[in-house]
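Next, two complexes with chain A in common: one pairs it with chain B, the other with chain C.
Up next is the complex of A and B:
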């Protein structure tokens, strides 16, 4: 059974758990981030991280070094560390400004696996790779620019701490080398290439019909790249091998994560997490984590798409041809748990190669924790086509 | 005149020695940094017979430095001379306080080192190439 928490009435822009999942850093579509602590079945706000001047677009919490990085539309990122406060002695989160040197909003931020660097995707057609310079005691950023032609929407790190995948509004998913001379040792050769100076392109992929790439993810081994595009498809790319496109007749997915080497969980405008499975031979959709019995809406579910089947048109047509008046307010409620787009899906429990639970947050202000094992088949819609 | 950063006598001596050392081949450089805590200049290292591109690799990407370069310049009429030129190495990702301190102490350092030609490299390693140095020295 998925655990559902109604944490806010406003959309949740970003969420990140700490290492033992007892605390949650969230942004409620505002300039401040909140730290919520779990108390039984509730999440109570313990601290507010207020430093940004504009909406915080993305948060990431490094599990080992316990640092939080927040990125915002104000073109800055802050790294927060827990230190004892000067006057009171309490442990508080203290921010350190990171000058990204971008001239547009930051959209997405992720810590690297070793937590010594982080990547910030931005609307400035660049990705800022930030590392700590101990000589000057501050964070320096290096920009990955070529050949990005539009806003970068999502980034994901390869397990070797050097390669970075980026999905962009120029409809391409790319793999870059983010090798920083002072921080990284020379990485071993991977399927993506060897001897990779900073800003080398190791791969560039597009989906079947094109479309903004909303989310990218490396598999646990790092040898495969998956990305979700706005043409309602998921593409799985094997470097030097085939690229499998799974096209769906439903709404686009905007966030994805790998549960294991052969399973991907993704979610988006359909308000439910979907599970995909496959290998180099091919990929297909195997079902949803939300079988519709948890929600309390009416039959206006994921099966009905199109403007003639839902909404005002259907209400009046039913009233006219079938004599059915609207059944109260239940036909505005979806029968999925999330009542609005899921914007962020992150691993919650399990080891890095075998994720057992994922957490989702969305525009409806809910946090839901799903069990990946309970997959139900999708009913009421066409089977997914795979090429 | 009060100075923000002091130049110790050892640095002045190193600079004089560097200036008068006989040059036979290649370019030589001496790299000086500012110690922000003590507000003095310190010598980082000296290079002999190094190319400009190698020097660009050696210099830090996130910290400002003063580099006094004795460059092997080949004139269009075939002569080789070894003029001294000061490179103000100031990459944009350096810490702001240090960058400002570096800029304020530049004039003082320039008069102490007694070098008339100054090249500003503000873009990092891409901006320091032999072409840039040669065209500056030949153009002057």
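Up next is the complex of A and C:
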């Protein structure tokens, strides 16, 4: 059974859990981030991180070093650390400004696996790779610029701490090398290449019909790249091998994560997480984590289309032939638990190669924790065919 | 006073400006060749329709459809040919015909339906045909097909 928490009436732009999942950092589409602590079945706000001047677009919490990084439309990022407050002695979160040197909004931020660097995607057609300079005690950034032609929408790190995948609004998903001489040791050769100086392109992929690449993800081994684009498709790319495109008959997916080497969970404008499974031979969709029985159902399910089954025609026809008058809200409530787009899907429980639970937040202000094992078939839909 | 500089389009000199052509892979075929192909397909579609092979006719016209800039004539010919196919199919047969098309063909068909609806003049006389095909196609291919029509820069 998925655990559902209604934590806000406003959309949740980003969420990140701490290492033991007892605390949650969220942005409620505002300039401040909230730290919520779990108490029983509720999430109570314990602290507000107020430093940004514009909406916070992305948050990431490093599990081992316990640092939070927030990126915002005000072209800045802050790294927050817990320190005792000088006056009261309480442990509070203190920000450190990171000079990103970008002249547009930051859209997405992720810590690297070793937590010594983080990557900030921005609308300035660049990705800022930030590392800590102990001499001056601040975070410095190096920009990955070529050949990005438009806003970068999502980034994901490879397990070797050097390669970075980025999805961009110029319809391409790319793999860059973010090797910083002072911080990283020479990485071993991978399927993506060897001897990779900063800003080398190790791969560039696009889906058939194009479309913004909303989300990218490396598999747990780092040998496969998956990306979701706006043409309602998910693509799985094997470097030097085939690229499998799965075209969905449903709305686009905007966020994805790998559950294991052969399973991907993704969610988006359909308001429910979908599970995909496959291997180098091919990928297909195997079902949804939301079988519709959890939400209170309505007459109009996600599968029915056609001008005679929805909306005004259906309302009058039902009133006429069945004597049913809509009580106003029943035919605007969706069958799924989430009532609006899911914008963020992150691993919640399980070891890095075998995720067992994922957490999702969306525009409806809900946080839901799903069990990956409970997959049910999508009813009323054509199962997606893999190319 | 020389004011000719005011007429210079400075955006073409801006390296950073994102051109439409960078967003999709251009059609590798030569425009004249594409036009020839469209005419040839128009002929073969007529013969297929005479034999009542609607699926074959649709597949012929939808595969490798002309797209992008420079091929306007070919696009118009393809659209007209497609409209004759749509008009000649009985409404009870439409779902079966659509189901036997590949996903690529279904996506291209959706693009042509929207193009047909957008063209002023054509839309008035063909509206009901286009709308009924649109309804059946959406039932089978889903809203994802419509999203791909809106997202794909390879306009037919």
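Operating definition for what follows: the second predicted complex is superposed on the first by the 364 of 387 C-alpha atoms of A that agree within 3 Å, B and C clash if a C-alpha of one lies under 4 Å from a C-alpha of the other, contacts with A are read in each partner's own complex, and residues count from 1 in each chain.
Here is the rule we go by: a residue touches a chain if its C-beta (ideal position, glycine included) is under 8 Å from a C-beta of that chain, and two chains touch if they have at least 3 such contacts.
All of these numbers come straight from a predicted model, not from anything done at the bench.
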| item | value |
| --- | --- |
| Chain B versus chain C as contact partner of A:136, first or second or both or neither | first |
| Larger contact residue set on chain A - chain B or chain C | C |
| Which superposed partner A:149 touches (first chain B, second chain C, both, neither) | second |
| First, second, both or neither for A:247, with chain B first and chain C second | second |
| Which of chain B and chain C A:210 touches, first, second, both or neither | second |
| First (chain B), second (chain C), both or neither touched by A:313 | neither |
| Complex contacts: residues of chain B adjacent to chain A | 60-63, 92-96, 98 |
| Chain A-facing residues of chain C, complex | 16, 18, 22-24, 103, 107, 135, 138-145, 147-148, 151-154 |
| Chain B contact footprint on chain A (complex, rising order) | 99, 101, 133, 135-138, 140-142, 181-182 |
| Chain A - residues contacting chain C, complex | 125, 149-150, 170-171, 209-211, 229-233, 247-252, 305-308, 381-382, 385 |
